[in-house]
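The next part holds the structures, each set out as structure tokens.
Note that chain A is present in both complexes that follow, paired respectively with chain B and with chain C.
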Partner chain A sequence: MKRMLVATTVAAMALAGSVMGQDAPFAMQIKARQGIMEYRALNIGVLGAMAKGETPYDAAAAQKAADNLVMTTMIDMSMLWPEGSDHSANPASTADAKLWTAEADVAGKDAAFAAAAKAMQAAAGGGLDGVKAAMGDLGGACGGCHKVARIPK
Partner chain B sequence: MKRMLVATTVAAMALAGSVMGQDAPFAMQIKARQGIMEYRALNIGVLGAMAKGETPYDAAAAQKAADNLVMTTMIDMSMLWPEGSDHSANPASTADAKLWTAEADVAGKDAAFAAAAKAMQAAAGGGLDGVKAAMGDLGGACGGCHKVARIPK
Partner chain C sequence: MRRLVTFFATVAAVGMAAFWFVTRPDTLPRDALAGLVGDEARGERIFWAGGCASCHMAPGSEGARVLELAGGQKFPSPFGTFIAPNISPDPVHGIGGWSAHDLANAMTRGVSPAGQHYFPVFPYTSFARARFQDIVDLYAFLLTLPAVETPSLPHDVGFPFDIRRAIGVWKRLFFNKNWVVSGDLSPTETRGRYLSEALAHCGECHTPRNILGAMERDRWLAGGPIPGGKGNFPNITPAKLDWSEADIVEYLTSGFTPDYDSAGGHMALVVDNMAHLPPEDRTAIAAYLKKVPPAE
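Let's look at the complex of A and B:
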């Protein structure tokens, strides 16, 4: 029992240490949310390449990419966006502080992205035309948030 | 209709561009998987801080963190680990090429992590003792993969 507790404590310390040991404000939150965005971009890239005709339409691959996108809308990301974790606090982030204003309506834009991902999920396996048709709303939903809450490049 | 197609094409090009425009081999895959690992670390950190007594036990917060961990085990990450996307291909990664050998048994270690996350999910809301007890297996499951498939620091 004592041995288990020691092992537990050591593991917990190592984990807590990695949280405490972040070398810049919000470093872990920024890295985590950027990674999830990158995962979204990779999956949208699969669908976009088919829509553009760069890669042949593949129903299974399209469906998988769309399923993956929907999965990302089900992840609880609340802990990744603490107020103040924008570009001014840490230049690794491209988030604009407007993100936390009511006018930005990030929750509404999140919901729009989730709806567009669901529409793509419903269409993706049914043919290239469906992918193309769903792509506009999906791209628009990405841009919806990026336009208001991301600093210009 | 034409306008929609143009918008679709523009969105698809922008998305495909972000995929093609990666400045180093496997940059997007590495960023995405590291971000998801960071999300795991943040959630394990919540549980670890409680197990260590650094923060008071909070049943709802513990449950949420454990639920989040389980969610990460349900994400399809197959596209994020293309063979060869290790440290030798891109120093941003700490993955060791051993990852893709049968002996490393990464699939088995993934399954062990998923089982440990599920056990934490079952225990997390039921009291601090349950969190502490589940922490050992969870930390061990992280280490299981890291020890064989991550380059030494």
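Let's look at the complex of A and C:
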């Protein structure tokens, strides 16, 4: 009887594992949100390369990158940041548990990022100077969360 | 026997007197700032370059609140935990009762208005290279900031590191005001050196320290562990930092790394400060970093 219980438990755990597709806690959520961060970085990279003078300014490419960035602010991310999915639960995440405190004001920082992305969207097609000027606020908005709630690398 | 006692008493007295003499706080001449007039606007540039707010603001301040220099942030070290004091213009708890001369003594000599040595957690070993005109301008700007009535907290430093007079010995051993990077520098690189070595005090975090907490000048900006924290201060000499000057300027402006991650931790605060400077200052720092001797 006891053996059967163990076997059933093991089977159930294996099943749960395969349903989740991942063994480490919150692995899918962490992967998904990191993917969104990287997608943002990719698009900001297009704008940044122009701001630095590494690639020539291209109004259409700048606009596309800024539009993409704004799109990422419209995704519902409530599933991606479950409480407890921080670095101490899974080292794949660099999120500090502070992120989930009221003090961190993630909603406010999220809104600031959305505003900075919109400002970039408005500026991107209108010339290189506008892109350069909007980069500072965009970086500051990214830093909003990274400053308070990211584990140093 | 009595002669022996007298002998040892004399030796002890001479020893004490020598210690007292050798470790006495070395202050500026009275007329060091004679004829200098402070300018608030120029002082604001010095304020951001020096990063005063990042350490002296109340913990976790953001936006305009960073100008309220109430103190209270903690800085763990192998010697104990230091707590940044209130440097707002409050006459009781801050520096409202200070003269520009007091500020210059604090920043360039590491001596308080009462004549006590400061712990070198306050980066006077860097600020000592600052021009007096810049300090007088900074003083004018600091007095325009809001006064905050938050008492400064005592440092949590144990024996024997709490003996302030011993810092006099430390200063004699390690207080070196000479520029670290020398040789032929362009005007831009020279400006970058002034900003980096005198005001922004990059070396205070990015240079490894010896067992007594002094920066190892021959490993300037080569990085090291974060005391009491996780991770490392990165090596930012050309041996490890392979970013272009444009990459460094962008990082100091928006906080974006070359792969468009953003600055985190205390460095994000530094970027906020640097973003207040005119673009040519950030260009100067980037040019200077390229002239730092590579160190592994």
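Note that in this section the second predicted complex is superposed on the first by the 134 of 153 C-alpha atoms of A that agree within 3 Å, B and C clash if a C-alpha of one lies under 4 Å from a C-alpha of the other, contacts with A are read in each partner's own complex, and residues count from 1 in each chain.
One rule holds for everything that comes next: a contact is a pair of C-beta atoms (placed from the backbone, for glycine too) under 8 Å apart; a residue touches a chain by one contact, two chains touch by 3 or more.
Predicted, not measured: the structure shown is a model, and the values here were computed from it.
When both complexes are overlaid on chain A, the residue A:103 reaches chain C alone and has no touch with chain B. Of the two partners, chain B and chain C, it is B that touches more residues of chain A. Once the two complexes are overlaid on the shared chain, A:76 sits against chain B while remaining clear of chain C. When the two structures are aligned on the shared chain, A:67 is found in touch with chain B, with no touch to chain C. With both structures placed on the common chain, the touch criterion links A:44 to chain B and to chain C. Of the two partner chains placed by the overlay, only chain C lies in contact with A:152; chain B stays clear of it. In the superposed pair of complexes, A:24 makes contact with neither chain B nor chain C.
In the superposition on chain A, A:111 makes contact with neither chain B nor chain C. In the superposition on chain A, contact is made by A:136 with both chain B and chain C. For the contact definition in use here, the residues of chain A common to its chain B contact set and its chain C contact set are 41-42, 44-45, 48, 51-52, 54, 135-136, 138-140, 142-143.
Interface residues of chain C facing chain A in the complex, by the touch rule stated above, are 60, 226, 229-231, 244, 246-247, 249-250, 253-256, 259-265, 268-269, 271-272, 275.
Chain B makes touch with chain A in their complex at residues 4-5, 7-16, 18-19, 28-29, 31-39, 41-49, 51-52, 54, 64, 67-68, 71-72, 74-76, 79-80, 132-133, 135-136, 138-140, 142-143. Considering their complex, residues 40-42, 44-45, 48, 51-54, 103, 135-136, 138-140, 142-143, 146-148, 150-153 of chain A touch chain C.
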